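Supplied in structure tokens, the structure appears directly below.
Labels A, B and C are assigned to the chains in the order they are written; within every chain, residues are numbered from 1.
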Amino acid sequence: MPPVTTASRAPGPFRLTDEHEMLRDAVRVLADERVAPRAAEIDKTGEFPEDMRRLLADHDILALPFPTEHGGLGGELLSICLAVEQLSRACATTGLILAVQELGSLPITIAGTAEQQARWFPKLASGEHLIAFALTEAEAGSDAAAARTTARRDGDDYVIDGSKRFISQGSVADLVVAFAVTKPEAPRHERLSAFVVEVPTDGFAVSRVEHKMGIRGSPTAELAFTNMRVSTANRLGEEGSGWDIAMRTLDRSRPGIAAQAVGLAQGALEVATAYARERKQFGQRIGDFQQIGAMLADMDAQTEAARQLLYKACVEIDAGAPDASRWSAMCKLVAGDTAMRVTTDAVQVLGGYGYIDEFPVERMMRDAKITQLYEGTQQIQRLVIARSLLGKGG
Amino acid sequence: MRIVVLTKPVPDPASGGERLGPDGRLDRANSPAVVNGNDEYVLEKALKLVEAAGEGEVVLLTMAPANAPETMRKALAMGATSGVLVTDPAIEGSDTVATTRILAAALKTLEFDLVFAGVDTSDGTSGLVAPGVAVLTGLPYLSYAATIEPDTNARTVRVRRITADGYDVLEAPLPALISGTQALGEPRYPSLKGIMAARSKEITTIGLSDLGIDPATVGLAGATTKVVGSQPPEPRAATRVVREAPDEAARQVVALLAERRII
Amino acid sequence: MAGIWVHGEIAGDGSLAKLSTEVATLARAIAADTGGAEVVGIVIGSKPSTSADELARFVPKVLTVTEPTTADHAAGMIVAQRLAALIEAHQPDIVMTGAGPEGRDLAGALSALTGWGVLANATGLTGSPDGPVATHSVFGGKLLTESALSVGKGIVTVRPNSVTAEPADSAGTVEDATASGDLAQPTVPVVERLPAESKAASIDDARIIVAGGRGVGGPDGFGLIEELAAALGGAVGATRAAVDSGWIPYSQQIGQTGKIVKPQLYLAMGISGAIQHKVGMQTASTIVAVNRDPDAPIADFADMIVIGDLVEVGNAILAELRERKS
């Protein structure tokens, strides 16, 4: 029997609990009062907002993804995404700080030993340390399994050589989870191992920080590893399990990007709606013209649809759905495309004013593009979903 | 120091979702609820006092329909230690007399140094329950508190009571019952830590039989008042919008006041 | 109904609270409705005679109880116990108090002492053979309900400004009464009395209130509000935003967590009219708003809204009022 695709691991009416709403509201208040006033400046200067990172740490927001026994709040995926969404509404760069903290630490959650978790989680939970996820290379983007960075066993260490590209927060992280080839001759998906690099360390260098279209405050780095020694005690899981760790990480981290996208869309929708209420042309407010009203209506409906899919995906993934990959890919696919469409339309609604930096929508549009690219391009998401629907070829 | 805070879930005034049941009384089970505004002020004061003392507990006492734990979560997220919920289908439709009896009976099962209550609630604004509970429990009653200063060594408490002319400073031995106002200070927003910790805090549920109260004497059956009618208020006449310059606008305002014999 | 009692609340200076004169007027009206129930005023305090004489202008008979402990103790609980003893002795059917802080403390304690039900916060009261029927405004003013006592005996608390006080045609008598016995409830001493931070006129029963909101901009802005209040002979009110910003004390706050008022005129300067404030003032007879924003919620329920700058319009109103006087 083909699998019933509407079967749910988390059946029953879905609604946010009071706790989720409290959490969402607490972050929203913080985002409105403390983050939003900084967003334009962060984009303009392109500097990593240390003050925002401290703000998130002080309010225990960075503690959300971590277990309580290590000083975390034990938040499940939905709670983390609610926080990312509210922060991203105000500033996508700031929302990303939480999303990347989750992304980078997932390999440790998935494959780390109790000792390793005890070693690294406390300072990640407190926000004293930031962590980055280094899988992508110049020649290994969508085809991440083609990574060429090597890790050669030498006594109690591995010696790592190679480079990573497009690593979010790679230049400000204290810990970098790097994936390197430990068994070159092994089958494709058994070549890689995952290592936690504690920075600074000999042989680790940030060779470049990109100038980007959007999320300008988030440093995207190229990392160079030259004879870099990493203890075997810092390897996550068995040798050769790196690919599996990476894929399972992305299954849980993609909703974070979807949350960033939904937040961006919502922020843009709010600016566009407020503008359409106030701006008058031809003797009436522009929101009352059908062409504008229709655009806003579509923006609202699409944002809400992306949001509901995101929340549902979080609940399914946390409930252990066997098709977690499909949920993860779907919510990111829909949310990313929605963010791009809604932010673009927001610029359109504002007309000329949407194009200048007097209003935030041009920044939101530039910020939105990345949600269609990182943590797997939209094309990769579609591949994942199709594979889930069709099963492996015979 | 152990402080019991009487908290009441009330219909969210901002939501407009209040519904009347067939008996003409508020259908609490089906109206979206929040913690009563004034209760948040006394709760905040209780939390601050316990924090300043470095030890102690804040216990919520609520009489409400069975779905109340969700509303109590916010109070727990603010930092209350635990909650006691008195719930029973027979309680529905209770008037202030029954409410007072039930809360007093519940208080008798608890140990405390202080009991705090909001001066009134946004859904009934009667202000009758706190003094009634004081009578039935025999606790000293200090009301309309703008400040609350307990002295745990001397086992006394001092309260500045708001009066029409200023403040009366009252003093009583512990344990005492105090009703408090917004003047006590802005309630904190629950921290993320508090929100997540609330999920593991305990809410004990008790019913009328636990309190030895006969169901027939409370609820709608035992009510001393009854709703005999309801209607929407008289619609106001359409608003006159005045956009003229200040001088002309002022003339119109004063003309209206004269027309209505206000001046 | 046999006996309707009116509690006469004694103000800080020994005079009768204005609210009690309104309650007394209402009591006479429902007594008339039901063909001659006996209306009796009750004044209990350390020095009750001034209040009693004033209350006697409104009701045919006043009983006074001299209770020295109320001079330097929280009075509500003491008065309630004495009143309960009087009720036991004289068996009235209805006891009416004001629904201000003192009246509510009294009514709540009295209800617990007697087991009597309470019709609370009545904005209107009519008499019927089965007892009084009270009108209440609920759900933030969205609905009016009528309620009655199940057994015809009970307590009624009455909102300020629900009726206009009217003295009776001739003054009533004042008699001493005794209500002795132990006070079983703990008495709470007043160890000190402090003046209010501001000498602002009380808004509880003000006939006219001029209120300022966020639009006033700061404590100095309230100077204009005070001038307007003085020119109109009213009191100064404020929204929670103004109080939270520290521009004006909490005693002047109107709204859900402040006071609920029912003046004849509410002049709202720079107030948006959000629900938390609206519930505090929407039953005012006349509402005039001044606001820059024509879409402010208050525009939906005000009798008149002036779209403009509150300082300019406020000063223009002051000028217009001065001109009228001259």
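The definition used in the following text is that a contact is a pair of C-beta atoms (placed from the backbone, for glycine too) under 8 Å apart; a residue touches a chain by one contact, two chains touch by 3 or more.
Quick caveat: nothing in here was measured; it's all calculated off a predicted structure.
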Chains in simultaneous contact with subunit A and subunit B: none
Chain whose Cα centroid lies at the greatest distance from that of subunit B: A
Distance from subunit B to subunit A - Cα centre to Cα centre, in angstrom: 43
Between subunit C and subunit B, distance of the C-alpha-averaged centres to the nearest whole Å: 20
CA centroid of subunit A to CA centroid of subunit C, Å: 58
Residue ranges of subunit A touching subunit B (in the complex, touch as defined): 17-19, 22-23, 26-27, 29, 59-61, 63-64, 68, 73-75, 79, 83
Subunit B partner contacts - residues on subunit C that touch it in the complex: 11-13, 74, 76-77, 80, 99, 101, 104-109, 111-113, 115-121, 133, 137-151, 154, 157, 184-186, 188-196, 202, 204, 208, 232, 240, 243-244, 250-251, 253, 256-258, 260, 264-265, 275-276, 279, 285-286, 288, 294, 299-309, 312-313, 315-317, 319-321, 324
Subunit C-touching residues of subunit B, taken from the complex the two chains share: 11, 13-14, 16, 18, 20, 24, 26, 37-38, 41, 95-97, 100, 119-120, 122-136, 138-144, 146, 158, 160-172, 181-183, 186, 223-233, 236-237, 239-243, 245-247, 249-254, 256-258, 260, 262-263
Touch list for subunit B against partner subunit A, complex: 70-71, 73-74, 77, 189-193, 195-196, 198-199
